[in-house]
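In what follows, structures are represented as structure tokens.
Two complexes follow with chain A in common, the first pairing it with chain B and the second with chain C.
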Partner chain A sequence: MTAQSLAGLRRARRNIWREIYNYRWIYLMIIPTLVFIFLFKYVPMYGIQLAFKNYKLAGIAASPWNDLAHFKYMMNEPEFLPALRNTVVISFMRILVGFPFPIFLALLINECYTPRYRRVLQTVYTFPHFLSWVLLAGIMLNLLGSTGMVRKVVMIINPEMGQNWNFLYDGNIYRWVLVLSDVWKEAGWGTIIYLAAISGIDQSLYEAAVIDGCNRWHKILYITLPGIVSMISIQFVLRVGYIMEGGFDQVFNTYTPPVYEKGDIIDTYIYRISFVRTSGVDLGFSTAVGLFKNVINFIMMLSGNLFVRSLGQEAVL
Partner chain B sequence: MAQTAITKSVTDRVLKENRIRRFGAIDFVILLFLSLWGLLILYPFYNAVLVSIVPNTVYQRYQGFMLLPPAVTWDSYAFTFKNSLIWTGYRTTLAVTVLGTAYNMAMTILCGYALTKTAMPGIKVMRFLLVFTMWFSGGLIPYYLQIKNLHLTDNLLVMVLPMGVNLMYLLIISDNFRSIPASLEESAKIDGANDWTVLIRIILPLCLPLLATFTLYYAVERWNEWYHAMLFIKTSSKWPLQNVLRTIINDVNMLATMNIPGQVRPDVQGDSIKMSSIVVSMLPMMCLYPFLQRYFLSGLTLGAVKE
Partner chain C sequence: MKRLLTLGLALLLVLSMAACQSPSPGGEPTAAPATDKPATSAPATGDATEAPAAGPDYSTPLTVSMNVLNAEKNGIDVRHEIVKEIFNLSFDYVPIDWSDWNTKISTWVATDDAPDLIWWDLKGAQAQQFADWARQGAFAPLDAQYFSESRPNLKQTYDTSKSIDALSVDGTLYAWPAMRANSPEAQNCYTSHWSYRRDWARAVGLYKEGDIYTWDEWIALLTAIRDQDPGGNKDANAVLVMPTWGFPHAAALFIGPPAAEGNETSSYIKDASGKYIWPCATEDFKKGVKITYDMYQQGLIYKDNILFNASEAENMIKSGLAFANYNVTGSLNAWTDTMITDGVIKERSDFGIAIVQAWDGNWYMTQTEDYWTVTAMSHKISEEKINRVLDFWEYLHTTDGMRMRTWGREGVDFEVTGPDPVDVKILWPFDESLQAYINPFTNISEFGESNAACGSKINSLLIGPDAIPYMFEERNRLWSTMGAGEIPVVIKEFDYDVSFGSAPNKDKNGSFGSTSKEKLVALLAQPGIDIEAEWDKVVASMMPEVQKVLDELNNGELK
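Take a look at the complex of A and B:
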């Protein structure tokens, strides 16, 4: 190594320190957030090793390794596989109904005659999005429960059904209650992104279409829908990435033991085996179930995002 | 001549379609559907108010669809306000919301601005470390143990500190900061401004509506907080409103005997107490939302629709 290149290297190193010094305030600005994700995101990731250990009160590091025993046990645990199946089934049901409905609603709102009324409607539609499931579960359980208004009305129409009222205790009905109440809460919020996409469509297209003799239906079919189809596909791919998220807040606040069989999801299952069950579930086992879920989640989200990116669109994540 | 006539008829048609469109049968159907959906959204809230003000004995015996209250009593509200947990819950929630939102916004603004400095050494790694936390997490148990290790159990700060930044909001805010022309910043730098001055005097004033929107989102998140409180806060007087509500919904009888023994009257039992508690805790949102809805509705589109 010649003296000249050494001097160049030294200068480059001095330059990098100089550059870092120039950015000193920016580093100071980002440090709180880095400390935050270290403490509350990365240290828990270090704790994942518990999935391969038997938990001892002495701490995560001191707990002994156990040869994947938790994962072997997982397949035999009586409530695990039903919870996994429920999560996927409920997620699919949510996509089936909850995904197309906001698009449909957005198209209708876009066709709405009076702009001012449109604004009022949107305000109403999005309101439930900002309330917690704790509160909405309270309203929902009352409305659909045995003393609720829905039963009172059904009593008149179909007294037999009203007498044997089990809306919240029949697993199959409960699943639909979950799906539809989620549509009720989130559909209005979901329209916003599509309405924004619709408002981005070039207005001259519509004018040209009218000149060419298009009616309203043609305009929706040949201009509006093609105009938002890329947004729809992005949203769809990203939504499918969340397949392992069954909606903890909603399920946890509304479910009861009779519907565990059909309504229990992975997240509520993890919560119950960790904090509710008193007899002998190792915290390492809960960690293993959580890891199982997170790995699938990670793969789904990653592939979804890569797919969206491959379409030449900027992914949301 | 003929050409102008054609042009005129075409213009007429466009005008007619776009501005002075006739109100047709389809418009009516659409309007009807949209209104019904709106009523469907509103009815559960109206029903909650009804159940809370109709005497419980009347409500239990009532047959059929209730549109107007057959009788009105404020007993359940009197009962709810006598419940000390509602008041401590309100106090905790307010404190957590104010403190938490300030903390969230400070972190998000600072980090969002830092992320715009794409030439800074190491920023790519830091950005990756941040974004990665959206994709993968340690799961409930390791997180629970970490909170315990930090001695945050039964501490109000557990509802503030672990919710530092929402990564989605952070990225949207950062993208918007970046869309401000760099020349503004450069000229300020030439005039001797440092990074703090640029952020406070130039970037933030240009992004006020955006910041208002995300302040509201954070405030709503903190206001709706219940999960951490359920996991980590054991003392009931430290519960936020949502957890008090949860207890009331799950076990109204426990509450009735716990607070005012011997005063439980049949009129103010069960459903009406639950619903009055719900209405009381929903009140701030109901009052503020219509006035702030412009900010509430704008946020999602700020980040999402980009070509």
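Take a look at the complex of A and C:
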């Protein structure tokens, strides 16, 4: 590094500190957030050591180290790897369907020119986000169960299919039920950030495009989409960082033994072996699985970031 | 303005963190686990009729935290005022429900955040967890000195209950059992039965006077209900529904000859040679699986019972959508009240108990522990609280205590007419249409969680001269049928040694009950399979792990 560039670096640092000082009261507002993150995100990391210990009630520090026993047990458990596979598969399905859908929906909403109608649509699409999965699971079971409305409709169209109705007991169908119900619940909420990004696009571009003879489709393709592509990239990287989250609330409230093979995810598997089966709660094992999940998530997020950067887009990290 | 806003936000964060800190239970300072201090009071002698005499020092008000079901119904009526007056004792109830009970207890204990009194539906399957926690100091030891002559009723239980040994770890008791309120004939069994719509059975012409059905009669009745739909429910017509704990075993496995298997019972049985075997691997069990599968496929078991996870079975019965539910004697009065009010049935006797003989002609019972729940005390509870609580439990067994718990305050809710606990005149308003007194208490079973061996005395109280007798008449009919020898009764005996014994593989895997249940339910949902062959595969896949436990049991490695 040359002396000139070092001097430049020092100057830039001084500028940063000067800027922080100049705006100190604004920066002070960040303290609660920093305290929050430190207390609730970093301090609990002290507990990560439980993944390598046999937890005793005497406390984390007093619990003995166990020579990676939890990880060995995890890998030898016959149900762990299927749960891992299901988690990844369901997550990928969610990305495949659930990730582009809010973008698509945001584009559609943006094309509605009547502001009031657009607001109504946004409210209607966003509302399911605020319902809990406990409630939605009840609705799903009532709709899709053997006496549900969907089956009755199917009975009218195809009695044989209605007779052998097992929408919630067939693992392959169940995965799609998970994905589609999740899309239905969250797509509206997901549009908010894209609509915000769309609203930031310079309107003169659209006016110029009209003068140049662009139709609506061209405007979407050549102005709107490129205008939000950086937001899409960021969202994609963040979403890939949750690859190991299969959606505990949703799965837990809707799954049954017939769909364990295809629907059991890591979180529900942990819940079941901790609280349903007899071995009892094992904080060490749960921590080990949590650590495993988060390491994978972290690696996936970095990979997603690299992928986005390789496409020439602005990356998150 | 910005400065004020910033300081305000920072202050808000600090305050919310301070608010999140949990206070010590009840607000009192905590003390070291009870060790060697003797009980301080003698509230009752024998089956005393008086509240504790002067002597114990109750001048310090105490609040004891405890987890209970229906917490919102607890602690809100005059009975708590009476307990406060006598014992200067209040309760801080922590809510649980059936679905999260075990989860919450596991979490509380593992994080050292348990209430003072940890009320637990402890089964043998969780015994190793209990013992492990006890050894680690999670619970206050309940030494023998607490159960001296000064607390005669508790002492009687301490001296006679089989569960005292089971709940002791390395010779020290760590939880107190709430004894079952069954008559001796019941022999601590789940009296296998279905609560069913008699009016529907009459409507299809297959009702049997006396309510005792052979297996063939029962299946014929279920089939007729399915085909004739006497309730007019069309597609929603459900025949058998079961609570989640009983599904799908109740249909044939619980009430048939297969050794009991599931969440509720010990899961290893002895064969004729005295060797332990796994019930799921027996021919009897496979036959039960086949019958269950056939019943499910034929629509005799409600298809969506698989999806139930709370009180759906109860709701289906109450709303007139289902014909029969498994084992609900304890709720017969309440359910029939609702059903009459909602016009589902005309009179109580339209919904009653059916006894079903299995396909070999026997009526099978599953025996269980002699308690139905236990209460452990947190290691943080003070000696003063332990003694106060034990005094209160002892009082609940006295005549005064039983009357208070059942009817409320003497002179206001009832008048005493004689020495026997049931010698009372109830002063509650009387409902002519129901021919019953209107119970002013939202929670009928107040203090039920800590009733600690009130036993059949409470039963006799509840069937006193003026209470609603229906539920007890039905239950007593079950018990008397058991005792009378009218039909052959076979008891699937409870094995304390296996249930509460410890060995490495057994501790790790328990009974395999929930796993085998999951696999059975998964098979039910697959139409057109050879269920016996599939069950053989399930057994074969699980047997290597099961065999390790069987080896421990048969090689005397169980401690």
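Here, the second predicted complex is superposed on the first by the 236 of 317 C-alpha atoms of A that agree within 3 Å, B and C clash if a C-alpha of one lies under 4 Å from a C-alpha of the other, contacts with A are read in each partner's own complex, and residues count from 1 in each chain.
Methods note: a residue touches a chain if its C-beta (ideal position, glycine included) is under 8 Å from a C-beta of that chain, and two chains touch if they have at least 3 such contacts.
For clarity, every value in this text was computed on a predicted model and none was experimentally measured.
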| item | value |
| --- | --- |
| Which of chain B and chain C A:I139 touches, first, second, both or neither | first |
| Partner chain(s) touched by A:A7 [first = chain B, second = chain C, both, neither] | neither |
| Greater residue coverage of chain A in the superposed arrangement, chain B or chain C | B |
| Touched partner set for A:L68, first chain B, second chain C, both or neither | neither |
| Touched partner set for A:V229, first chain B, second chain C, both or neither | neither |
| Which superposed partner A:P44 touches (first chain B, second chain C, both, neither) | first |
| First, second, both or neither for A:L291, with chain B first and chain C second | first |
| Contacts of A:L96 with chain B and chain C, given as first, second, both or neither | neither |
| Which of chain B and chain C A:P257 touches, first, second, both or neither | second |
| First (chain B), second (chain C), both or neither touched by A:F36 | both |
| Contacts on chain A seen with chain B and repeated with chain C across the two complexes | 25-26, 29, 32, 36, 39, 141, 147, 152, 253, 274-275, 283 |
| Chain A-facing residues of chain C, complex | 2-3, 5-6, 9-10, 12-13, 17, 102-103, 106-107, 109-110, 112, 125-126, 128-129, 132-133, 136-138, 235-236, 303-304, 306-307, 309, 507-511, 513-515, 517-522, 524-527 |
| Chain A residues within the chain B interface of the complex | 16, 19-20, 23, 25-27, 29-30, 32-34, 36-37, 39-48, 50, 60, 105, 108-109, 111-113, 117, 120-128, 130-132, 134-135, 137-143, 147, 149, 152-153, 155-156, 184, 188-189, 192-193, 196-197, 200, 206-207, 210-211, 216, 231, 249, 253, 267, 270-271, 274-275, 283-284, 286-287, 290-291, 293-294, 297-298, 301-302, 314, 316-317 |
| Contacting residues of chain B [partner chain A, same complex] | 10, 13-14, 17-18, 21, 23, 26-27, 30-31, 33-35, 37-38, 40-42, 44-45, 47-48, 51, 59-60, 62-66, 106-107, 110-111, 113-115, 117, 120-121, 126, 129-131, 133-146, 150, 161-162, 164-165, 168, 170, 194-196, 199, 220, 224, 226-227, 231, 242-243, 245-246, 248-249, 270-271, 274-275, 277-278, 281-282, 285, 289-290, 293, 296-297, 300-301, 303-306 |
| Chain A - residues contacting chain C, complex | 25-26, 28-29, 31-32, 35-36, 39, 55-58, 141, 145-147, 152, 164, 166, 168-169, 253, 256-258, 260-261, 272, 274-281, 283 |
